[in-house]
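After this come two complexes, each holding chain A, first together with chain B and then together with chain C.
The block that comes next holds the complex of A and B.
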C-alpha cells in the first residue's frame, strides 16, 4: 500500500472516530467528548493534509502534471471535498463554539472520503492536455470550497429541522437544550450560504473563462455547466426569498436543502452525463 | 472526637416549628454553642432545615445527648423528639454529604443548598467555631456536592414552570439580551415570570393589563414599560415572547390577531406562554408557522419529566456519597490512631452549566 493510501485510510479512521464522538457528545452532556472530537478531527485533518502532500508528490512524478493539483480523478476530488468540509467545520465551529453540530456535518465528510477509499481508484494518471492549465488549480478548488461550505449549511439545516420539531412538539427532550437555538441555527445557515454563494458564482464564471481559452466558448450547456447554473439559481432563489419575502425557518431550510441536492448531483451525478467534465473521462 | 449531627428538616418537622428555628439569630446560636462547651461545630439554617454538626464535646460528655439538650435550650420545650433526627459517626458524615448534594432537599438536586452549606461553614469558621475536623469535613462535603452534580444528572433540567419557560425561550432565541417581551396581566404569575426574565437581561419588557394602574405598579418594580390594553394586537408585531396570565374568561389573544402580526414579522419566531385558567391564547395559534404556544400543562409536564429524570439519578448520586463517606470515615479513623493521611487528589469537579452559562 502506498503511503498516501495508508494515510488516507488513517484519516478516514480519524474522521469516523470524530463522528462517533460527536454522537456521544450529542447524547451525553460532557465537554470532554467535544474536546476529544475536535482533537481527533484535528489529527484527521493533519493526516489528510499529509496524504494530499504524498498525492501531489507522486502526481508530479509525471512531468506534464507538474505544479497542477491532483483533483482530476474521483478519488482526488472526493478526498479534497472531505478535507474542505472538515476544514470549514473546524473554522466555523471554533468561531462559534458549536461542536454540538459535529454530528450533523462530519458524517458527510466521512461519507465523501469513505466513497473515495472504497469505490474510487486512487491511481494517478497524466493530465489530459486540455486540463494542463493553471485553471485546474483554481476553478475546481474554488467550486469545491463552496460545496464544502454548502455541506456545512446542510448540516446546520438538519439541526434546525430537529430543533424546530422538538419545540413544536411541546415535549422537548434533553437534546433541545443542547442544540443552538432556532434563531441561531437559522442565522448560521443563512450566513454560510451568503458566504458560499459568491464563491460558487465566481467558480462558475472562472469555468467559463477557462472554457473560452480551452474550448473556444464561454458556455456550452454541458450537463455540468447546466447543473452548476441550476444550483446557483436555487441558492439565489433562497437568498432572494429571504431578503425580499422574509422566508425563514423550516421552509427556508427546505429550499437550501434543494440547493444542496443540486450540489451533490452536480458534483457526482453529472459525471455520468458529461463528457467534458467527467472525472471518469479523460477530459 | 465522634462527629454528631442533630437537626430538623421539612421531612421531619412542621413549618411552624422550622420557622422558629429559621428566625433564630446566628450570633445568638453561636454564643450558645460556645456556652455549651461544644467545639468544632457548624450549624446550617435555611427555611427547610436547621442542623448542628459538632465533634468536640467537653470530656466525658455524650455528644448526642449534649446536642439534644442544646436543641431544647434553643427554643424552649417546643420540639418533641420526633421532630429531630440525630446521627453520629459515619451516618453523620453521610448525612452531610447528602445535604450538600441536594439529596435531602425538597427539590432533589437543587443547587442553592450547596451555597448555603458553604456560607454556613465559612461563617462558622470566621466565628472561630470550627476546628481541624470540621474544616476538613465541610471542605470535603462541598467537594462532594459539586462532584455529584457534575457527574450525575441530579441537577439537570429546570424544575419550575417559570424557569422552564425561560429555558424554552433560550432554545428559540438563544441569548435573550436582544429579545422583547409582552406581558399580559399583572398578577402574581406575571410577576414571577418577569422576575425570571429579568435575570436574563431581556432589554424590553412591555406590561399590558386591563386595569392600567396595576400594570404601572408592576412596571415600576422592573423598569418595564406599560402598554395600553387595546394596543396589544399591534405589539405582537414587535415582540419575541408573550406571557399571558390574565383572569379573563375570554381569550385575550386571538388567532386573527396573531395571523395579522405574522405578516410583518418576517419569519422571526414568536414564543407564547399561556399560564392562565381559563386560557388566554387561542389554541389553534400553535399550528401557525414560526409560532410556539406553550400552555401551563405543557410546562408542568416538562417540570414533571425533569423531576423524574433527577429521581432516576439518585442511586448514582448515592453511590458517590457512599464511597466518599467511606473515605472520610477512614480518614477519621486514621486521625484517631494518630496516623496522618491525606485524601486522594482527584481533579476538581466543575459545576454543571446552568442556563446563565448558555450562549
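The block that comes next holds the complex of A and C.
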C-alpha cells in the first residue's frame, strides 16, 4: 500500500472518530467531547494534508503534471472535497461556536472520503492536454470549496429540521434543548449560503474563461456547465425568496436543500452525462 | 408591467429556465453529439418526432429558449427599477429636506424615529453638550465610520454615521452584470461563429466564414509512455489572406492564435486511415511497408501490401469499422499473395499482436489463427482539428463578469451599518445621547457589534 493510501485511510479513521465524538457530544453536551472531537478532526486534517502532499509528489513524477494539482480524477476530487468540508466546518465552528454542528456536517466529509477510498481508483494518470493549464489549480478548487460550504449549510439545514420537528412534537427529547434555536440555525444557514454563493458563481465564470481559452467558447451548454448554472439559479432563488420575500425557517431550508441536491448531482451525477467534464470519462 | 415587476414571476421564470436547461442535459444535443441524436432517432422514431418538433435536440438554441433568456434579462431590469430591497436605513430621522423651522417643530419626531430603529441605546454623559458632540462624532470616525447629515439646533444635535455605504449598490451592479452578460451572449449568437477545420499535416484548407486559408505545416502529437493517451498535440499553423501571411504560430490546447478577434484553437486530432509506414515482425526480421505499396517478403514466395488503417478498430454488423478517429486500437488490413495469387485479407493489431481477423469476400470478419508475424508499429498521417471561433460578444461577457464579481462582493461580503446619534443637553450640564442603528446583515450578527460599540462609547463619553 502506498504511503498516500495509508495516510488517506488513517484520515478516514480520524474523521469517523470525530463523527462518533460529535454524536456523543450531541447526546451528553459535555464540552470535553467537543474538544476531543475538534482535536481528532485536527489530526485528521493534518493526516489528510500529508496524504495530499504525497499525492502531489507522485503526481508530479509525470513531467506534464508538474505544478498542477491532482484533482483530475474522482478519487482526487472526492478527497479534496472532504478536506474542504472539514476546513469550512473549522472556519464556521470557530466563528459561531455551535458545537453541535459537527454531528450534522462531518458525516458528509467522511462519506466523501469513504467513497474515494472504497469506490474510486487512487491511480495517478497524466493530465489530458486541455487540463494542462493553471486554471486547473483555480477553477475546480474554487467550485469545490463552494460545494464544501454548501455541504455545511445542508448540515445546518438538517439540524433546523430536526429542531423544528422536536419543537412541534408533543414530547420533545433532550436533543431539543441541545440544539440552537430555529432562528439561529436559519440565520447560519443563510450566512453560509451568502458566503458560498459568490464563490460558486465566480468558479463557474472562471470555467467560462478557461473554456474560452481552450475551446473557443465561453459557454457551451455542456451538462456540467448547465447543472452548475441550475445550482446557481436555485441558490439565487433561495436568496431572493429570503431577502425580498421574507422566506424563513423550514420552507427556506427546503429550497436550500434543493440547491444542495443540485450540487451533489453537478459533482457526481453529471459525470455520466458530460464528455468534457466527466471524472469517469477520459476528461 | 405589473407581472414583470413581480419578484415571484422572476423566480418562477428562473425556475422554468433551470428546469428546461436540466431537460436538455438528459437529451443528446445536435451541437455537441450529433451522432447520439441520430442514434436516438433510430431507436425512438416517434419520440424523436415529437421532441424534435419542440426543438428539444437543439434546445439551447431554440427561439423560445432564447426568448425566455431575453425575457429574464428584461424582467431583471424592470424588477430592479421598481423593487428596491427592503432597507430600513432609507428611513432617516425626520424631518428630512425641510427648513430649520420645520425641523424645530418636529424635533420630537426624531426621537420617535430613533425608537423605530432595530437597535437602540441611550446614555447620559457627564460631558458638556458641545464636548460630548465632538467626542461622539470623533468616536465614530475612529471606528471607521463616515459621519454625515450633521444637524444642530437649540434643542440638540444629530448626526448619521455610516460604514460600507457602497454595499447598497451591490445588488444593482450584480443584476446589471447579468444583463450585460446576456447582451454578450446575444451578440455572439447573432454575429459570432464557430468553424471546425480538419487539416491534414502539410495541407491547406480554405475557411468558410473568412476569405482566409489555413495551412498546417507540421502536426505533432506526444503520448504518455506505453499508451495512446496524448500528453501534448500542437500544429505549426499559418493563416493567409490571399497571398499575404496574416498570422503564424505553433498552437496547442490552451494556447490559440488570435487574428483580429478570430481565434484559432488546437481542438482535436485524429487519424483518418492514411499512414506513412507500418512495420511487421516476420519471425525476427522486420519489414517496413508504405501504404498500398506491395513488397516481396525476402526468401519467400509471399508478397504483402498494407492497405488501410482503422485508428479505433471495432466490428460493426460483422464488418471492420472504426469507433472514433483516436488512435485507441489501431489495426491495419494486410493483403497477401502467394506467387501473385491473392489470399483473404488479414487484420493485424498494434496493441494485440496475437489477435488476427480474416476478412471474407463480403467484408465479414472471422477469427483466424495467430499468424507467424505481427504488427510492430504504425506511423499514421494525422489531421489536426483546428477550431476557428469569433465571439464579438466576449468583451461584453468579460465586462459583465467583472461587474458581477464586483456586485456580489459588495452585496454579500460588505456589511453596511448606520448609526443615528441624537444628543440633547440634559440637566446639570450633562448630555443625553440616544443611539439607533441598522445593519444590512441579520440582527443577531450585528447585535454583538452594536453592544460593543455602544459600550465603548459609554465609557468614552462618561469620563473626562
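Criterion: the second predicted complex is superposed on the first by the 282 of 283 C-alpha atoms of A that agree within 3 Å, B and C clash if a C-alpha of one lies under 4 Å from a C-alpha of the other, contacts with A are read in each partner's own complex, and residues count from 1 in each chain.
Quick note on the criterion: a contact is a pair of C-beta atoms (placed from the backbone, for glycine too) under 8 Å apart; a residue touches a chain by one contact, two chains touch by 3 or more.
Note that the structure is a prediction, hence the values are computed from the model and not measured.
J.: Counting only touches as set out at the top, which of chain B and chain C does A:202 meet: first, second, both, neither?
T.: Only chain C is touched by A:202; chain B is not.
J.: Where does A:237 make contact in the superposed view: on chain B (first), on chain C (second), on both, or on neither?
T.: Touch partner of A:237: chain C, not chain B.
J.: Between chain B (first) and chain C (second), which, if any, makes contact with A:217: first, second, both or neither?
T.: Second partner only.
J.: By the touch definition at the top of the document, which applies to A:191: first (chain B), second (chain C), both, or neither?
T.: second
J.: Going by the contact rule stated at the top, is it chain B or chain C that touches a larger number of residues on chain A?
T.: C
J.: Touch check for A:182: first (chain B), second (chain C), both, or neither?
T.: A:182 sits against chain B, while chain C stays out of touch.
J.: In the overlaid three-chain picture, which partner chain does A:251 touch, first (chain B) or second (chain C), both, or neither?
T.: First partner only, chain B.
J.: Just checking: does A:168 make contact with chain B only, chain C only, both, or neither of them? Give me first, second, both or neither.
T.: first
J.: So chain A touches chain B in one structure and chain C in the other; where do those two contact lists coincide?
T.: Comparing the two interfaces on chain A, one with chain B and one with chain C, the shared residues are 183-184.
J.: If we count contacts the way the header does, which residues on chain A are in touch with chain C in the complex?
T.: Touch residues, chain A against chain C: 62, 64, 125-130, 132-133, 183-184, 187, 190-191, 194-195, 197-198, 201-202, 205, 208-209, 212-223, 226-227, 229-230, 233-234, 236-237, 240-241, 243-245, 270, 273, 275, 282.
J.: Can you check the complex and tell me which residues of chain C touch chain A?
T.: Per the stated touch rule, the residues are 7-8, 10-11, 14-15, 17-18, 21-22, 24-26, 29, 31-33, 60, 83, 85-86, 185, 188, 194, 224, 229-233, 252-254, 256, 263, 265, 267, 387-389, 391, 394, 397-398, 401, 404-405, 408-409, 412-413, 442, 444-445.
J.: Which of the residues in chain B come into contact with chain A in the complex?
T.: Result: residues 156-157, 167-168, 170-174, 265-269, 286, 289-290, 292, 294, 298, 301-302, 305, 309, 353, 358-359 of chain B touch chain A.
J.: Residue numbers of chain A touching chain B in their complex, please.
T.: 29, 97, 163, 166-168, 170-172, 174, 176-177, 179-184, 246-252
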